[in-house]
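You will see two complexes here that share subunit A, one where it goes with subunit B and one where it goes with subunit C.
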Partner chain A sequence: MATPQVTGDALASNMLAPPAANRSFARSRERALPFLLLVPSALFLVIFFAVPMVQALILSIHSPDGAWTLQYFERMVRDVNFTDAVRNTFLIILVAIPLQFLFAIVMGLLLQNKLRGSSLFLYFWAIPLAVSDLAAGLVWLAIFGDRGFVNSFLRTTGIAPIAFSWLSYENYGTLLMAVVIAEVWRATAIVMVIVVAGLQLIPPDYMEAAEVFGASRWQRIWHVQLPLIRPSLQVALILRTILAFQVFAVVIALAGRAMPVLASEAYNRYGELNPNGAAAYAFLILTISLITTIVYLIVLRTSEEEMGQ
Partner chain B sequence: MSAKTGTINPPRSTVDVPPLNTAANKPTLAKTLGRLGLYVAAIAISMFFLCPIYLITISAFSPQKEIFAYPKALIPQSLTAETVLFFWNATGVQASLVNSVIVGTLTVIFALLVGAPAGYSLARFIFRGRDSYKLLILTTRAFPIVILSIPLAVNYISWNMYDTLWGVAFAHTAMALPTTILVTASIFIGVPRELEEAAQTLGCNRALAFIKVAMPLALPGLAAAAIFTFALSWNETFAATILTQRNRTLPALILSQIADVGAPLPYRFAAGFFLIAPSLLFIFIMRRYLFGMWGQVVK
Partner chain C sequence: MGEIRIQNVWKYFGKAKVPALKDVTLTIQDREFMVLLGPSGCGKTTLLRCIAGLEYPERGRIFIGGRDVTDEPPRKRTIAMVFQSYAVFPHLTVFENIAFGLRMQKRPNEEVKQRVIKAADLMRIGAYLERYPAQLSGGQRQRVAVARGLVMEPQVLLMDEPLSNLDALLRLQARAELKRLLQEVQTTTVYVTHDQIEALSMGDRIAVMENGAIIQADIPSQVYEHPSSHFVGGFIGTPPMNFMRGTISRTNGTAALAVGNQFIHAALPANAPAGQELLMGIRAENIEASLQPVPDAIPGQVLVVEPLGSHLLLTVEVGETPLKVQTRVDFAVQPNQTVYLRLDPKQLRWFDPETGLRYEPEPSPL
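Right after this comes the complex of A and B.
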């Protein structure tokens, strides 16, 4: 494991080495130490991350009787729910993620204003960080259910005397809206934390300089703060999108089977004792996630170069 | 602005600057109103996050009769533990709660045992491949790791690890590990290397210097990392459902009851409350470490 070291590294390990009698032995052990410390984590990630990733591909193109086949992908594409699952997953992402970023940026900027009680605001806004997708779905079920709080409110105030089925299959628009609201409620916090961390890295001199030169509040946000947190936004965008492609328990809790998504279809195939079919979905999610990450990296980098010109 | 700079009149532009500065210090009506607007926005956002928690709490503590009542009051008519007890005594709930605690604890132990040495290595040593390893760890986040529980389940069946708490804990460890490594690295960077070196010159060997000096200083950060990992495991639903059959964790049990059995509304609301209650505590303990844990993405 110990690779030959360049002089700089040898110097570093020399400085760290205890004044032992057997210096060369101690030194070679010192050299191996950083690698030895990495071994457990590397092994763990190989067994529980790298290998299953390859296996997801193999499972999806290899039938139990030993033949290589594309039947699982063909069956997946022909599945009644497939088109709906793809459309629903993408629609949730397309609507929820821009809203999450809009909210997160507004929240991050609000916290920069040194409001009284801002640590309390931060605590309230950060609570969903530790709330599971399943719990978020159940919470909004209590609100949007047929006998839920929204219908109760509309009835009590006399706005709409007849209960409306927000979560029924027939009202696709409101069902999607409920899922999106639950996702915004649950997952905006993680984006907000990344945005705030990015905003805190901006040296105060920049903002002061902008103020001295007469930049208005909006100009400071638009021309100083937002461009400087671009790297944070990029990372948050990748993280959020990858997680959103796996959206699952929120949808199950709110919509049951009325709104199939990719992960719930994987879950259903698996429940039908068809791990190969489930693996086909897993591989599809994996591929879409990787393509999206690459597209984000390319698109966001290109515009960065444009800005530099 | 451009018109002003176009005219050749330097004195006027110097007169223009000072009022800007004094205006920034003097509270005008517009400024006060703007500040009020910020508070209104902050309170409105807080309501959006807190009201649902309030509503699930009063749902969980309403009698079952009231849960089916319509229209419901926004202020509960009567509070009772009936619904919560109904959930608490439902089949499998108590056992799965114990399972969730065991899996969470195992995940914390594994993640720290495997991740902290790697974090220490990345923080303390300069060696070939250090940056590549860091990049590799960051890259794992571009993969939908939860979905990998499907091939993992097939492996577990052949390893005799299917439907065991160990198996779920290992899967959760794999999900937490990249964060644990990066977080522990940033914690150990914050512990001055000189202190460890001083201990070594005073006769400690490297391991003893680590245990006696670096460990105690890193402890608060490591505790925060442990809570982060526990919360991740406590909340994880998909993998836990896929990897278990009878030994369910709490979210896995609730999900399967909803998806496969169609659990009644009181069960669902009480379940939602049970899942959310610890998160209030997690974030309260973690509030100082939020950016160190969840914001741990920018190098």
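Right after this comes the complex of A and C.
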């Protein structure tokens, strides 16, 4: 199908053309409009995401001497930090994301069910949204550092006179805990915003109908609100998981090199002037993210019948 | 049983304390079908929501089945409700929608199944139990909403404009069906509507509301024929009641209502003193039009002739007041023609022009 060309002549002839032709012109222009509106964002995505993605892929399988090779992936897998990086990344995701969702859902429900002073909490809880990753990491570094708030509190109150190294490599448990706490603090807000938006979309009639038909507050949450925000939760889960595979600044700020993760390994390869190795890591992160998204979409899919109304 | 008593209920909305219900008192008998009728914003839905427990009145008490439920949440009130939007849960099948209330009560599976199937068959949606609401038509969803209420075997069934989202043809059909159904199940029903035809055709009694107050609660024929106020007469009926404002004049022993420079000789309320201003009401079907002058008839000029199939509806100007007049379909009349109107003296209704309420003359001093 030819795209209609909007020239002065075309416009003029259209004004004179019989109504049928005029209508079909208007219709095809109407059909083209959505695509035109998509062009800017599509261009943005191609230039800043698709092109670098292809470049990274090429970089990861193409050595500087011009040969196609899998050596960067082999080296990545055999690297001393590789298993640690994979394990740490997955551990952070497995612990932090359920916590983020738990808190976000509870916070969203508290806000939506209008407990006293709840609108104030929305602003309070949304503050981390405005804080950058690195700044969030530094905030928690100030708390968990050797001379941080926790240790000075423990010292001045006399609970533990000797400073405890929360973030040391030897105390893996507390290091992981600190990273998870910082991640939860930082990223719960965005999940909460999505949950609140989802809850607000539920027509109040549903809640009232549930109330009339005997549902207690808990039953209303369980049988009406939670099922109806499933699509929102799905979006939030995909978003959060993909971003969590890229967890980086918080970990670097809190743990430095004590806790390698996938993104920090990519960063380190780059720092070692090994862009091919960095690209291999980047490509690994991309692949894992893609697979997880597909799994989520299959497992959590809500049928159209269930969503429609 | 399912008697509802509403005693002096007041409800205010917002910081400005705008009264939505003003001292509403109403008793709905067990098994009665009561219609709350009024224009939008009259408080009918608020009253229904107060009975449901979705709103709490600031003052007054509400009793259901003799029990004071004023401070009880909806789920303790043994009521069921059909919402205007139906509020059928999109994430549940038709079966689970109907079963919702029973599930909340944790009834055994076998009982739930039996009762749901019975209610679904009653509403003729038995074939759709496994479907989701999005796969149903508006009419079918409305039936699911009704079935969800009936399955609870409630003391009281509350309905908030359940037919208003259906298209005209379907509404007519659903109206008759709903009436048959509710006669069959004999549940006390409170039915909110702004559609006076629905109210007249379905209700055992109609409570007409205006500005947060019930201004007449009576059987449909009484509300139609003896409206308690100018407002009720003007709200109910298609076309609404005709009104003419005039002054009682008594000269030479004959009484008449002076409208402008015209004298209408009609059966005036006894004891109405001369000089009394009155609002006269009469329905279109109680005016007889003829082309020749007849005794006691008032002349008027035809403005509009509307053939409505079974009859004609004329708009006739008498003095400066347009009157709606119903005639036989073969009444040969053209616009601008003069016709003579005889008002059925037994069907004249009288209202106080200031308050709009029914005119009750002072007993004559003997």
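Everything below uses one rule, namely that the second predicted complex is superposed on the first by the 255 of 309 C-alpha atoms of A that agree within 3 Å, B and C clash if a C-alpha of one lies under 4 Å from a C-alpha of the other, contacts with A are read in each partner's own complex, and residues count from 1 in each chain.
Basically, a residue touches a chain if its C-beta (ideal position, glycine included) is under 8 Å from a C-beta of that chain, and two chains touch if they have at least 3 such contacts.
Here the structure is a predicted model, which means the values were calculated and not measured.
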> A:L228 contacts which: subunit B (first), subunit C (second), both, neither?
Replying inline: second
> Touching A:L199 in the superposition: subunit B (first), subunit C (second), both, neither?
Replying inline: neither
>> Per the contact definition in the header, classify A:V150: touching subunit B only (first), subunit C only (second), both, or neither.
In response: neither
>> Between subunit B and subunit C, whom does A:N113 touch in the aligned arrangement: first, second, both, or neither?
In response: first
> Which partner does A:D133 contact after superposing on A: first (subunit B), second (subunit C), both, neither?
Replying inline: first
> Is A:F124 in contact with subunit B, with subunit C, with both, or with neither (first, second, both, neither)?
Replying inline: first
>> Going by the contact rule set out at the top, does A:S216 touch subunit B (first), subunit C (second), both, or neither?
In response: second
>> Under the stated touch criterion, which partner chain does A:A178 make contact with: subunit B (first), subunit C (second), both, or neither?
In response: neither
>> Once the two complexes are aligned on chain A, which partner has more residues of subunit A within touching range, subunit B or subunit C?
In response: B
> Which subunit A residues come up in both lists, the one for subunit B and the one for subunit C?
Replying inline: 211-212, 214
>> Using the touch definition from the top, list the residues of subunit A that touch subunit B in their complex.
In response: 3, 5-6, 8-9, 12-13, 16, 18-19, 31, 33-35, 37-38, 40-42, 44-45, 48-49, 51-53, 55-56, 59, 103, 106-107, 110, 113, 115, 118-119, 121-135, 138-143, 145-149, 151-153, 155-156, 163, 185, 189-190, 193-194, 196-198, 200-201, 211-212, 214, 231-232, 235-236, 238-239, 242-243, 245-246, 248-249, 252-253, 256, 263, 266-267, 270-271, 275, 278-279, 281-282, 285-286, 289-290, 293
> In the complex of these two chains, what residues of subunit A are touching subunit C?
Replying inline: 203, 205-206, 208-216, 219, 223-224, 227-228, 230, 303-309
>> List the residues on subunit B that touch subunit A in their complex, please.
In response: 17, 20-21, 24, 35, 38-39, 41-42, 45-46, 48-50, 52-53, 55-56, 59, 67-74, 113-115, 117-118, 120-122, 124-130, 133, 140-148, 150-155, 170-171, 173-174, 177, 181, 197, 200-201, 205-206, 231, 234-238, 241-242, 251, 254-255, 258-260, 265, 268-269, 271-272, 275-276, 278-280, 282-284, 286-287, 290-291, 294-295, 297-298
>> For the complex, give me every residue of subunit C touching subunit A.
In response: 52-54, 73-75, 79-81, 83, 85, 87-91, 100-101, 103-105, 131-135, 148, 152
